[in-house]
Amino acid sequence: MGAKNRISLGVLVGGLVLLPLFMRNPYYIGVMVFIGLYSLITIGLSLLMGYAGQISLGHAAFFATGAYTSGILTTKAGFAPVPAFFTAILLTACVAFLIGIPTLRLKGHYLAMATLGFGQIVYIILNASVEFTGGPSGFGEIPRIQLGSILIESQISRYCLVWSLVILVLIFSLNLINSRVGRALRSIHGSELAANAMGVNTSKHKIQVFVLSAIYASMAGSLYAHFVTFISPSSFDLKFSILVVTMVVVGGMSSVWGALVGTFLLGLLPELLRNFRDYDILVYGFVLLLIMVFTPEGLIGLIDRLKGAQEKRSLKAQAKLS
Amino acid sequence: MGGSGILQLIFSGITIGSIYGLVAVGFDIIYNCTGIINFAQGEFVMLGGMIMISLVGAADLPMWISFPIAVFAVTLIGALFERLCIHPLKKPSILTLIIITIAASILFKGGAMFAWGKQTFSLPHFSSERPISIFGATILPQTVWILGFIAVVVLLLAFFFKATMVGKAMRACAANRSAASLVGVNVKEIVLLSFALSAAIGAVAGIIIAPIALMDYERGMILGLKGFSAAVLGGLGNPVGAVVAGFLIGIVEALCAGLLSSHYKDAVALIVLLAVLFIRPSGLFGSLEASRLKKF
Amino acid sequence: MESILEVRNLVKRFGGLVAVSDVSFRVQRGQIKAIIGPNGAGKTTIFNLITGVDSPTAGEIRFKNSEINGLKPHEIAAKGISRTFQNVQLFDNMTVLENVMVGRHPRTVSGLLSSALRLPRTKSEERAIHTAAMERLNFVGLDSSSQDLAVNLPFGQQRLLELARALATDPELLLLDEPAAGLNSFEAGLLADLILKIREHGTTILLVEHDMELVMDISDEIVVLNYGKKIAEGTPVEVQNDQQVINAYLGEGP
Amino acid sequence: MSGLNRKWTVVICLLAAFSLLTSTCTKKKEAYKVGAIFAITGPASWLGEPERNTVQMIVEQVNAEGGINGHLLELIIEDTVGDETKTVNAVNKLIEKDNVLAIVGPSRSGTTMAVIPIVEKAKVPLISCAAAETIVEPVEQRHWVFKTPQKDSDAVIRIFEHIKSKGMSKVAIITGTTGFGDAGRKQLKKYAAEMGIAIVADETYGPGDTDMTPQLMKIKATDAQALINWSIVPAQAIVPKNMRQLGMTIPLYQSHGFGNIKYAEAAGEAGEGIIFPAGRLLAVDSLPDDHPQKAVLARYKKDYEEKFKEPVSTFGGHAYDALWLVIDALKAVGPDRAKIRDHIENRKGFIGTGGIFNFSPEDHNGLTKDAFEMLTVKSCKFTLLSE
């Protein structure tokens, strides 16, 4: 992890610690909890999309696997939430592995379609297997998480839990990016042919990062199930998969920080747009369009560009002086 | 279920499958010229249907006048969308363009919600609603209309691409953009044209399906999704493959709903699609070379 | 002398097109061997077959006396064959140093978990990778631009970077696909020196090249292909005087 | 001299302004804040739209008449987009930021289920406009939750009673794959067993489906004597059309989710003769004048249709009942969440659009199967089924 990443991480952690001191209202904390959940998924997706160059329009399925596994195990099989959380991770990893093997052989739009199709199939199964999943009505009474003597029920305790996990996942991912495996992943994005010639087993690494991103989504799903205590298929449809991909692209695919920026923006936007009433859907679409038209590299790209311009200006100034 | 029952299911599959195919052709035209999957394609279908319903219902115009007006209006929307949102970009990534089309689909949907409200509308059938009996199965006259329009659209497109200068230029663009621009094809114009043409085809699909499927501002998404499936199954960029794949998906869905279980009919169609992709990673009629060339 | 690579009766067809037809040759350890021939002679195809990018229609490829056809590219790389590409294939999104560090992949072991958790073993390996990569950059003279993005290097340096990256895998056999293409004569001269230096370190070299001056200067042996067939093999002098070769290059006179 | 004058004028003006300000402050009592969350946009917006219109209309009427005991009613309306995450955020906002006294909505069962734990914990009364029975059951875990739409089970019972009265015993069911359709499917299966009716075919369709002939072909091949189409999405109107195409003549029953005249219009001629249970709102014109609900129904229908120029639907009626229940409680007990809850729980004989509500600690819905009338479609209008 470079110095730049350390500084960014420090700023993020600092901000997260200070935030509850200034924002006392549990409503804002609640919004931040959901942004945290989304962040878990988008960090994984940015590894998959930005670093390994593979798209997925089916991540709602892994979010769902996490949520439903946790929900079903705790309500019907008598599991405690924490063991259920890890069982869900294991199951999601297996599903992602099995799906990843044939799917990741595909490229471009074919890969997009295959992941989309997988996500839809999972969505249909959630709806159709009523005995198991409760069908379209979903099911509730999912217990809350108990960590030692602390029951994760208040917004602030959820905030602490989810953002601690986000920070851990972030450190884990940043370490990964700047390692042997991470470089191998990025090399796939650069040139799969050359990566192969350098001894990189591209299919293995693609599957690894696909599984990893699925695990992140599963974590988010489990937490979602225990936080909201009710789940139904409508939370895990194609729109969700598209939303998380959009968050990554809007923020910028070139780094995980972009994913976080995008998640913050698109997570907050609907709350900010509450004042627009019915028009929020129009404003939302419009903002999205503007961002993509004017900063096609995402917001992180914009920040880099501004920095670049700044540097150029200072270089020019120096040149003039000398 | 007897033979006539199966025939009935196949008719049902062909009706809906032809719409999937038509939407898929729209995907293909834009894909060929730009490499973009236009996620707003389904909204063109919805807009076509809704505008037609307004013209026929509220403005009380006869069908044969409303039809071209509705198609023209959507074509204009498609062209405007390209000019305002796609045209100004310099060297954007394919993924960026895709997100732009998603944003546009949100905007179109929102606009339609304000223009027409949230209710579901129906359009009168083009001719009588009395079912026609064929070998014991029944079809609506509207189905005949739909199949007729598909045939006309496909023939017109074939003529356009094979025999007209502009059509040939579009095909040149699809084969190799830089080479096309070298021989004097104005690639930017062609991209504009591809959006307009796709929008027009989407509008036709929306108008002809509206009498039997009803229409509301949310309809575009699901039709777009099915159309995308058909486009991929047929091999992206291959309009003939798209139509065939559309029929295939429609028939698989209908047979599954009629013979196995309606609960899983959409899933079965998707599983067939995935199986095809796993065996032939570039769809039924796509070339592997093309799928290699165009990636994100 | 033992042969490090042996190609026997190699055939590759693409549909109806025969790209390589019944080609056999050997490369001795420590040699610099060149494959030449007019465009479309099947040179790059042979490279792709050796490195596993394509699989042969028929025939056999043996590396260090074991068969390697059918293996995946990354497995072949791990066995000790590395290559560069005719049209440079760098990892544009990474720095110069990182490009070379990827080359250390087959000689290192850290997995996903230990990488992400920064285990002590991984940390020391990471340092070793860094040192090794800097050595290779030093060797080709790019150490000063190690932090630049690969995409920002001038073309000649991109070729050198590809070479450094290939060397980072510690290859026993190095395949160079038109390494001098696009270089000026000064750069080509430097490249020739580098290739000779690489051979001194004990690496065997097989190259495809159009720059005849370079080929004749540095090669020990040359294989000549035409329309997928081997038409000659021998020392530079032998090949230069071969009538078939002359015909192939100049066109058969009346 | 003139300088002094000017100074005094300024002081007097300031004083006047201040006194005016304080007097208006003291005269006007603090507004009562109530939250409303509906699926105003998104896939269920055809539900949320009439609900939102209805509550806005009520607020204008109440405030025009001087508010509740002199307090203005301030309604804070939020959009759920039919999405559970957004609903949770919206309810948190209503409770934590706006500090509302009670919440009306959400529109859908799924979103209601998602927010029940929140209102139970925050102790805020919630009157849902969604149908599923699990919203108010088990009632010991739904201390703060009420709902105004009639029970699914009562609709099922009314349909089955009608089917049995016609001497039929074999039915096919076709349900939409949404929360509403799914809840109905479960109740249909449950009561079929209890009431001696055989379900010979059980099919479903998605909210985006455009053709149900395959499912209907399967049903046609069975010996079903009647078909029950249970859904709330617009696609339900395609079923009668497809039946007509296939020449199916068995009677078609729909659920109370058919209670929107637009659906009957969309079905066109094929919709004639559909039988379905619904609240009396849809057939207010054919109701006898002495019916206790007549006045309420007629007023709501007239007000709504005049104001919004569109036909009234039972969905808006659910919101009408929910908000008036809250207003009724506010009038009686004032701005106290616990007292509002207690008042609603013990409210008897409350005349709403959905029926006459008799709440109790055991029943947080307060309606019986008598809240339903069996209606039919005649010349594209809803009328009481006469016999």
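Labels for the chains are A, B, C and D, by order of writing; each one numbers its residues from 1.
By our rule, contacts are C-beta pairs under 8 Å (C-beta built on N, C-alpha and C of every residue); 3 or more make two chains touch, one makes a residue touch a chain.
Remember, predicted model here, so these are calculated numbers, not experimental data.
Centrality annotation: A (chain centre taken as mean Cα position, compared with the mean over all protein Cα atoms). For chain A, the chain with the farthest CA centroid is C. Per-chain CA centroids place chain A at a distance of 40 Å from chain C.
Separating the CA-averaged centres of chain A and chain D is a span of 36 Å.
Centroid to centroid, with C-alpha atoms defining each point, chain B and chain C lie 48 Å apart.
Per-chain Cα centroids separate chain C from chain D by 73 Å. Within chain B, the positions touching two or more other chains are listed as 110, 113, 221, 263, 266.
With touch defined as above, chain C holds no residue shared between interfaces to two or more other chains.
Residue positions of chain A with contacts to 2 or more other chains are 127-128, 278, 281.
Pairwise chain contacts present here: A-B, A-C, A-D, B-D [touch as defined].
Residues of chain A touching chain B in their complex: 49, 53, 55, 102-103, 105-110, 112-114, 116-118, 120-121, 124-125, 127-128, 238, 242, 245-246, 249-250, 253, 278-279, 281-282, 284-286, 288-289, 292-293, 296-297.
Those residues of chain C lying in contact with chain A across their complex are 51-53, 72-74, 77-78, 82-83, 85, 89-94, 98-99, 101-106, 108, 110-112, 115-118, 122, 125-126, 129, 162, 165-166, 168-169. By the touch criterion given at the top, residues 31, 37, 85, 88-89, 92-96, 99-100, 102-107, 109-111, 113-114, 221, 225, 228-229, 232, 236, 263-264, 266-267, 270-271, 273-274, 277-278, 281-283, 291-292, 294-296 of chain B touch chain A in their complex. Chain contact summary for the complex, chain D toward chain A: residues 40-41, 77-79, 82-86, 88-90, 92-93, 95-97, 109-110, 113-114, 116-117, 121, 132, 134, 177-179, 181-183, 185-186, 204. On the chain A side of its complex with chain D, the touching residues are 25-27, 30-31, 34, 127-128, 130, 135-138, 140, 153, 155, 228-232, 234-235, 270-271, 274, 277-278, 280-281.
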